[in-house]
């Protein structure tokens, strides 16, 4: 998997801080833009996020390229609807040499992974055969597996990213989308550290939302994402 | 493929007509609900739709169950973001006897379809073997093909449905999602004939939006969806 | 203020329960529809809501008419974006006899309310004068106050309603939108008691999100909305 | 009115072009980023927009500060739901010296404008009196007029902007929101000329959607926005 941060709203934190100040200030943008020092502003941003005033961080948009994930993973990803996607099309792109993803649970067993690789080669052959016989690519792809590699360009705003991280950094999320979420978080934290200070799976903001299905690692998660809690006393 | 209209907003057209009247009337809902005869109201609804005042038909929601479609098709379907989905999960449901969809272009050749069926049986066997060896279902599914059958529960409002029909009734849409769109349109037209009178592919509302890639059948489409055009003279 | 539940998705809870079952079941809709008894299903719905699987209750849509609220209130209401609105237009409807809302804090002082009423009458006169002098209604309305009564037709799905209640039942929400939220909750609870069992302001689901600005009544709120908490032990 | 483009996605056109290429290319982002010359890319972007493949331009987000508009205007603006807003709050900001907007139809008549100004001064006085008597700002604002100036921070992506321009550049849109749309278009055209080449009111893309209520100036509009038409022959 390779995740690249392609672009984002210029000065994402500053923009959101200014937007936040518009709500409570009688002043115009010129005066609002005469900012206090950077750290103080970051503290303001962190505070309004912890109070749940999340609309403010919608003004920053982040665009990623995600490559080397399975179509199983992308099918989950695109279910996040407050986001924009451009995905490699199996209707238009010839997949006779498709790359594929091997889950760690399969990679761990050398005998299983051998059969798995063989299966993928056979599938490529069958796909190529279908295309050679005149079956349109959009129909030949019916034999392609969930494992087939896809590339997808994704844009999300700061608020949706926080929500995405809450759901997909959970230990019960599929391993692949969790790995993507971790890489995305690493990338945006470098650009907007205050905006994503509270990012983490659901359990770090309260009790585990998974109930009986809990992974039982809430404490470890709270340590790992140690700046994420919403304590009243922090405000 | 089997499409079932499971439920919808009670009195969908009447509700949208009332909503439309709220915009232009000084009266309260009690007076607005003293409606003129049904046909006259339908004409009012048709008129505001042709004028593009589509927010009014957002008040009617329609819920469908779509069964017997491929995961290739559902991956396209869920890209419509102003909608709600609940889909059979390959992470939780055992797929050792998965059903699969055979594209007409493959079904048309008896020799091809035979190899296709054989490939699907082999895939089932391999999937079962992986599960038997302790690979979690969410990883074993990496070998499942796009052809694998899925079931999906979908809700869309009237406005999104019109948009969905515009895109997916187009001859260049994938055959399977186009067939789903046709069945959905048949079902909602029985319940809300005025709301969906203008439903049709993009070309029936203007020139073909596909340019050089046009199917060349715009005239046939205009005949098929003959009530759909937005002529100024109709208003 | 008058809130009317105009329409909603037929059998809202049953529909959402069926949608929820589609996710985890290998069966088709026919078998899923052979439901167990109603109460057992309600418990299933309540459980998946407490686990945060809220997409399931998006399949139920509820349409309300809200009358007798101020434009100040409606300006807040329409900020909820996952919803549909049709509002009485001040561009098209003559407002020379506009109704207006009197906040309780003003109504409490007889001398203040007298001046308030007088101000409103003067405003009506000035508005009428402007219209009489040929100023278009869309410009004459510039003198109309926030207090001016509006009527608005609103549709939201179950998930957005839960979110709306969380924000707007808070004691720090404006009194008018909070009153609207309370009436809306009363109406939908009669139709879908399990779906809205957990409805309540943010503080009933965890610690107060308002921090130092807290109303200090979280305990009272937890008593009032006593079925709303998301305790792990409940799951 | 003052509209400022505060920030936007870095390299907005390049980002969208790359996203567009992901859909049709077997290549990874590294190869896609080895772009042809800028003009050729712009032509590619213009072409996919005219074909209606608008999801691609969702990857570019633009953030504006709009100052000096009325609350009447902002109430219309926030009805665009695929956007983010942060608005000066009349619940928190003291409005005893509120600025106000004077419609041109009122400004044109010196006697009317005099009465209008007088009315606004009286309103300020009454508002101040209410606040002085201990009425909370959120209730005192009930006397504030639609004319009261507001400041609002707005972010929209490229696709929503095209839609916004289509609706709000129409001669039948309220004059104030039309003026805001014109300023916004001027600002983004400098940054992303190919992305907004087709921007214009509905009538420039087909027949006037307003029917009998048409302003009758479709031809003038087509001249003014002369690059906007979607002719098949252009593709």
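To keep things simple, chains are lettered A, B, C and D as they appear, and every chain counts its residues starting from 1.
In this section, contacts are C-beta pairs under 8 Å (C-beta built on N, C-alpha and C of every residue); 3 or more make two chains touch, one makes a residue touch a chain.
All values reported here derive from a predicted model rather than from experimental measurement.
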> Out of B-C and B-D, which chain pair has the most contact pairs?
Replying inline: B-C
> Which one, B-D, A-B or C-D, has the same contacts as A-C for more than half of its contact pairs?
Replying inline: B-D
>> Please tell me the distance, in whole Å, between the geometric centres of chain B and chain C computed from their C-alpha atoms.
In response: 29
> Just curious, how far off is chain D from chain B if you go by their C-alpha centres, in Å?
Replying inline: 31
>> Two or more other chains touching the same residue: where does that happen in chain D?
In response: 85
> Once bound in the complex, which stretches of chain C touch chain D?
Replying inline: 70-72, 74-75, 78-79, 81-82, 85, 90-91, 100-103, 105-106, 109, 112, 115-116, 119, 122-123, 126, 129-130, 133, 135-136, 138-139, 141-147, 174
> For the complex, which residues does chain B have touching chain D?
Replying inline: 50-52, 202, 205-214, 230-232, 234-235
>> Per the contact definition, I'd like the list of chain B residues that touch chain C in the complex.
In response: 2, 4, 6-12, 15, 18-20, 22-26, 28-29, 55-56, 58-59, 61, 63, 65, 67, 84-89, 92-94, 151-153, 155, 157
